[in-house]
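Please go over the structures that come below.
There are two complexes below, and they share chain A, which is joined by chain B in the first and by chain C in the second.
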Partner chain A sequence: MSRSLVATIARKELREIVRDGRLRVLVVLVVILGAAALAFGVQQTLRAQHAREHAQERATDQWQTQGDKNPHVAAHYGTHVFAPTSTATAIDPGVSAFLGQSVKVEAHRRNLASHSRAQDGAGVQGLGAFSVASVLLLLVPLLIIAIGYGAWSRERERGTLRQLLSTGVDRKTLLWGKGAALLVVLFALLTPAAAAIIGVLWWLGGGDGDTMLRLASLGIGYGVYFATIAGLTLYVSAAARSSRAALVALVAVWGVFCLAMPRVASEAAAVIAPLPSRAEVGRAVHSSLANGLDGKTRREKGIEAITVELMKKEGLSGTGMLVAGSFMAGLELQAEAQWEDRVYDHHIRALDAKIAAQERAVAWFGVLSPYVAMRALSAGLCGTDYHHHSRFTEAAEAWRKGLVGQLNEAFAKKGGAKGWDYKAGPDLWQKVPPFSYSAPAIAQAAATHLVSIVALLLWLVVAIGLALASARRVRVV
Partner chain B sequence: MNAWRTVLKLEWRILGRDRASAMMLVAFAVAVVIAAAAGGRLAQGTRAAQQKAVSDHQARYEATRKALDVAAASNEPLAASDPRDPLWMGEEGAAQLIVLPPNPLGAIAVGQRSLRPQSFAVSTAAHLVSERETESAIVGPTRLLSGAFDPAFVFVVLFPLLVIALSYELLSGERERGTLAMLLSQPVSQRDLVGGKAAARAVLVCVSALVLAAIGLIVGGADLGQPNAWLHAALYAAVVVSWALVWFAASVFVNARGGTSERNALVLVGGWLVFVVVLPGLVHAAIDSVVPPPSRMELVHETREAADEMERKLAGLRGRHDRNTKTRKYASELIEVKEALAKRAAPVVEEMQVALDRRAGLLDNLRFSSPALIVQVALEDIAGSGSTRHRIFEKQVDAHHRVFQKHFFALARSGKRFAPANTPSIPGFAFEDQPVSELVTRVAIGVFVLLLLAGLLLAGAWPALRRVGRLTR
Partner chain C sequence: MILEAAGLIKHYGDHVALRGLDLQVDAGEVFCLLGANGAGKTTTIQLFLGFIEPTAGSAKIKGLEVRDHGLQTKRALAYIPENVMLYPNLTGLENLDYFTTLAGCNDGDEQGLRAILDRAGLPPDFVERPVGTYSKGMRQKVGIAMAIARKAELLLLDEPTSGLDPKASNEFSNLVASLRDEGVAVLMATHDLFRSREVGTRIGIMKRGQLVDEFAAADVSHTDLERIYLQHMHD
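On to the complex of A and B.
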């Protein structure tokens, strides 16, 4: 196989593609849709960033200007923390619209994240989302199909395949040439798109190394995805009876991959890895709060045991010393919080693990559809998957524990004889460290989506293998 | 007419012998049955969960009532969770669980059911707690993103592909096979030929679709004994048939242009892509851009800031573990705080409701931009899982919540203890569903637009069909 020959064939194919008026229209359409999707994504991301900053500022302001009150009363008053919006949301909002954006932080309970954007959707969400990712995941494969479905079959129908082969060129070289032409068209189309995306993200404030690394990985991921679709297109084009049959078969395959399989996968995942109801989780938490995680330790006993432990830590047990009312109240509150934390941590982590298991079950369907695999990977790299969300809620919980602990400790140590009448002021509120959260490193995101990565690579190998095998056997007339 | 009948009969015979068509129909049938089972599983899950929640709730309420009967006889001071305490009764003891009852054909579209609350806990709490789906399973985020594999999906998205596959080569196929010349040598016009062929296929597809939809209803566990269930089924049938006719008309229109089968397939699939996949997404984006969803985070803050002072008082009342909560003073303080909170939050909530209404209204109008949206919205309306019905439900619950609050606040303020004689006067809630005539009108408008579209496409094709173009490829 000579390289110059491949290039010659690719040039010939390119010329044909460029000359085809219908394809020009399609390319223009996809470009317009992509640009509109990017603009829409940017608008939504800016809006979300603004809303988050504003909300966080107001929450902090409310917290700091809450006036004088008992620290535990302040813990009841609580505050809110908000999920960070990554700039890459502009490209792929993933499942972020369906996850809560804020967590109410307060004493005695760990709240689930609430206020998802989808909750206020106008309706018929199921029918279609519009984002750069949906253009890349759904429409670009169709463009590849539209460009490539006649690659072999049309040559055969026109009788040019026989002529081509009579020049002595072998079929494998022809296949590489055709494949190269397809990829060159895509590259020409997607390079400016990638540049526009990088520029926009930079402008949105995502010019850091991690974002760029994520984008580069995203580029490679989509490259593999498109190459897979191109390989499958060439395979069907060679194997089908006619161009018409190739087109129908490819659209059917696309429909199965991109429309039916995601829904089938999530329905199946719901059966394989079922989730409990909120009420069930609520009942479990309620019962554990009353009778401990073992179901045998009564709340009072449990809290008493923790209080004794805490007193030991403070060096107060068995000293027979008189302890100030507020110190004891503060200690008891800390013990109560620890008791509640154990229960909430156990049950909410279990729920989290179940949701993650359902997400993983969906990901396994990537083996049946490259779309499912790439969709999961894309959201993972853009930080808009469930994994990133659960990292946020864990961070919010850690912060909540710190906050409640700090307030109870202040009550215990500073309340003195005033007991519940003790009031703290802005000094204490300002001492609370601000909530900070950093997204997991890209390696972790990749590890979470290992199944999808492997599925995509498998698909690439299968697609290339099929394209090669069918090229060898393609009928000439 | 005679020629039509002959063509129809011949076409039936061909279809009967065509294995590809049979296979496509079988594949579609499998999809419908699976979707019906999946949609039915979800609908029945919701129904069972609601029934369990309601019966559990009723059992709790009965227990409270019995406890009230016992407690009312004694003159002991109020204890914790005492049914004689009107404040506690309003907060917990007599709190109500209100559920959105499923429609008889609930299984055909999951719609908003997995996103919007299906039940509310109504108590004297300041804000109406949208206690989501108390007993039905949490829906994972990817599942929400993908949408359900329900009959609505199969009919809206996959069904047009079946119609296209069975009709894209109505005329071009005959030309390419070289049989057009032979057919037109018979005493039959090109119009009769295309009309007869399209009609034969349309009858086959529509009858199969209706039979499958009916099987789907049985598999999905539709409750046809409910009032109006058959009317809903008739509306469902009308939507499916008119949707099929749109695509048959589109096929006739494209075939009348005289292109090749390959070109016809490309154009039809392109049209399907635009109207079924791309436009709904664009409509969503347009609604989000023009009328962004009200930020609930902002709502929380607005309410909180507006009522901060009150909220602080409330936290002050609640956060102190040493406070006796059984005094009349505590009760009136708490009520005052709650009332003030509701009053000061009202404008913010109102603003949010207006925004939500505007979004729903915009979708209602923009659905006419794509026939697929018309069909989806109509199926969700019939299934009782659309935005309109949810908005009606939410508004009614909201109004009831205010009545309920007022009732218990008045009782608590009177300083009297809650007695068994007070139970019948607790305000009850009966959901007033969207009137049937409204539902019929909404769906009928959709069906009318679909039929109009089909008519326009046929009218566009008719003159072109008179001219016989090339007879062979």
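On to the complex of A and C.
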């Protein structure tokens, strides 16, 4: 196979594409939609960032200026922590719009995240899933189909295929030339788009190495996705009886991949790993809080046992020792918190495990649809998938435990004879370390979506294999 | 021998398109295949192009079996169908440049390509116009230009003058004759008795997939040719 011939074929294909007015309109349409999606994403991200900063400042201010209180009472009042908005949300909001962005942190309760953008922002609901990612995942494949469906079939229909093959050029060279032209069009279209995205993310404050690495990986992922669609388009174009049949078949395949399969995947995942309702989780938590995780240990007995353990740790296991009332109350509160933490950890982990099982089940459907695989990978690389959300809520819970522990300890150690009348002030509130959370590294995001990565690569190999096989067998007459 | 068919048979399911065709065309020879529609003329040409495979028998170009040496045999030939189909969004020059590059006979000399289009008779002001604006005759001339540019040893013509006006048809025949005189072997399937007598060196009449008659063009007059042809068609 001659590279210069591949280049010649690609150049000619490009010339035809450029001179085809209909395709120019399509390209302009996709560019306008992409730009609108980016502008919308930026606006949403900026709004979310501002809202988060404002809310976090207010919560911190309220916490630090809450006045003098008993530390445990302060723990009951609690505070809020907020999920940072990844700048890459402007590209792919993933499921982040539907997941809570803040967690109410308080004693005795592990709250689920609340205040999703879908609940709060009418704009998100109105525009549905319109984003740069949806343009890339849904519309660019349609553009590839529109450009490539006649790659072989139109040549056959207008008789140029006979003319071409009579020159002695081999079919594999023709295939690579046609494929290269398709990818060059996409490259020419997407390179300025990528530059615009990088510029915008930089402006949004995401010019750090991790974001750039995520963007580069995203670029490679989408490159594989588009090459797969291009390969499948060339295959169908060669195998179909006519251009019209090729177009109908490709649009049907697009519908199955991008519309039907995601729905089938989520329905199947719901059957494979059914999720309990919020009310069921609430009832299970309530029951475990009252009767322990084993269903047999009464709350009072359980807390008492933990209190004994804590006393042992504090060197107070002997009988007859005089202990200040507030110290004992502090220990008991700590024991109560530990009892509750075990219950919440158990049930929330079980819930997370079920959601993770659903995510895994959906990921396996990537083997049946490259769209499903790329959608999961895209959200993962943009930090807007459930895994990232789960890491945030875990960090919030760890911070809650630390906060409650710190306040109970202050009560136990400083309450002295005042007991519940003891009041702490701003000194203690300011000692509480601020909530800080950084998203998992890209390697972890990649590891989480390994099935999707493998599925995408598998699709690429299958698509190239099919395109090559069909090129060898393409009917001339 | 440039082109050789021996016992060539082609079946399409139950339909027999060729029934043991024997045929030879040498350099500087124009072999005109006459016959009614469905006689097997186009099938014969497509077998030599390697677009379809024979059920039995042998189709050779320059001694190489087409079935086994598809790419090499195509390098030796140029093909002009009834309708030379080109890329409508590209100009005549761009089409010629593209096809000759693929055929491996383009040294990048644009002036050379223009001269070839000129020799083929394409009006100069059409050279850089999109082929979508060409008449059929102009497209056929681009087809001839391709054959000239490729310096093909064998020309396969499938009813190349069908639908052309008499002037364009005459110009086309003159070009074929000049290529013949340069030593090109030509196999031409046609319904045009007059042109086959004019440019052909030998004439074969096909009927139901068989060559039922074969003679030198110089041995018959136009009237004789018409009589022989009609006689075979009525048999």
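Before moving on, here are some points about what is shown:
As a convention for this text, the second predicted complex is superposed on the first by the 467 of 477 C-alpha atoms of A that agree within 3 Å, B and C clash if a C-alpha of one lies under 4 Å from a C-alpha of the other, contacts with A are read in each partner's own complex, and residues count from 1 in each chain.
Just so we're on the same page, a residue touches a chain if its C-beta (ideal position, glycine included) is under 8 Å from a C-beta of that chain, and two chains touch if they have at least 3 such contacts.
On a predicted model such as this, the values are computed, not experimentally measured, just so you know.
Shared-chain residue A:Ile9: touches chain C; no touch with chain B. Contact with chain C, but none with chain B, is seen for A:Gly168 once the two complexes are overlaid on the shared chain. In the superposition on chain A, A:Val248 makes contact with chain B only, while chain C stays out of contact range.
Touch criterion not met for A:His286: it reaches neither chain B nor chain C. In the superposed pair of complexes, A:Lys431 makes contact with neither chain B nor chain C. When the two complexes are overlaid on their common chain A, residue A:Gly159 makes contact with chain C while staying clear of chain B. By the document's definition of touching, neither partner reaches A:Lys301: not chain B, not chain C. By the touch criterion defined above, A:Val476 reaches chain C but does not reach chain B. The residues of chain A shared by its contacts with chain B and with chain C come to none at all. Across the complex, chain A is touched by residues 31, 34, 38, 49, 53, 110-112, 115-116, 132-149, 153, 156-158, 161, 165, 169, 260-262, 265-266, 269, 273, 276-282, 284-285, 287-289, 292-298, 300-301, 304-305, 308, 311-312, 315-316, 318-322, 356, 359-360, 362-363, 367, 372-373, 376-377, 380, 386-387 of chain B.
The residues of chain C lying in touch with chain A in their complex are 46, 49-52, 71-72, 74-75, 77-79, 81, 83-90, 94, 98-99, 101-104, 130, 150, 156. The touching residues of chain A, when paired with chain C in their complex, are 5, 8-9, 12, 15-16, 19-20, 158-160, 162-170, 476-477. Interface residues of chain A facing chain B in the complex, by the touch rule stated above, are 22, 33, 36-37, 40, 43-44, 47, 51-52, 54-55, 58-59, 62, 66-67, 69-70, 72-77, 80, 82, 94-95, 97-99, 101-102, 107, 114-115, 117-130, 134, 138-139, 142, 146, 242-244, 247-248, 251-252, 255, 259-260, 262-267, 269-270, 274-281, 329, 351, 355, 358-359, 362, 376, 386, 389, 419-420.
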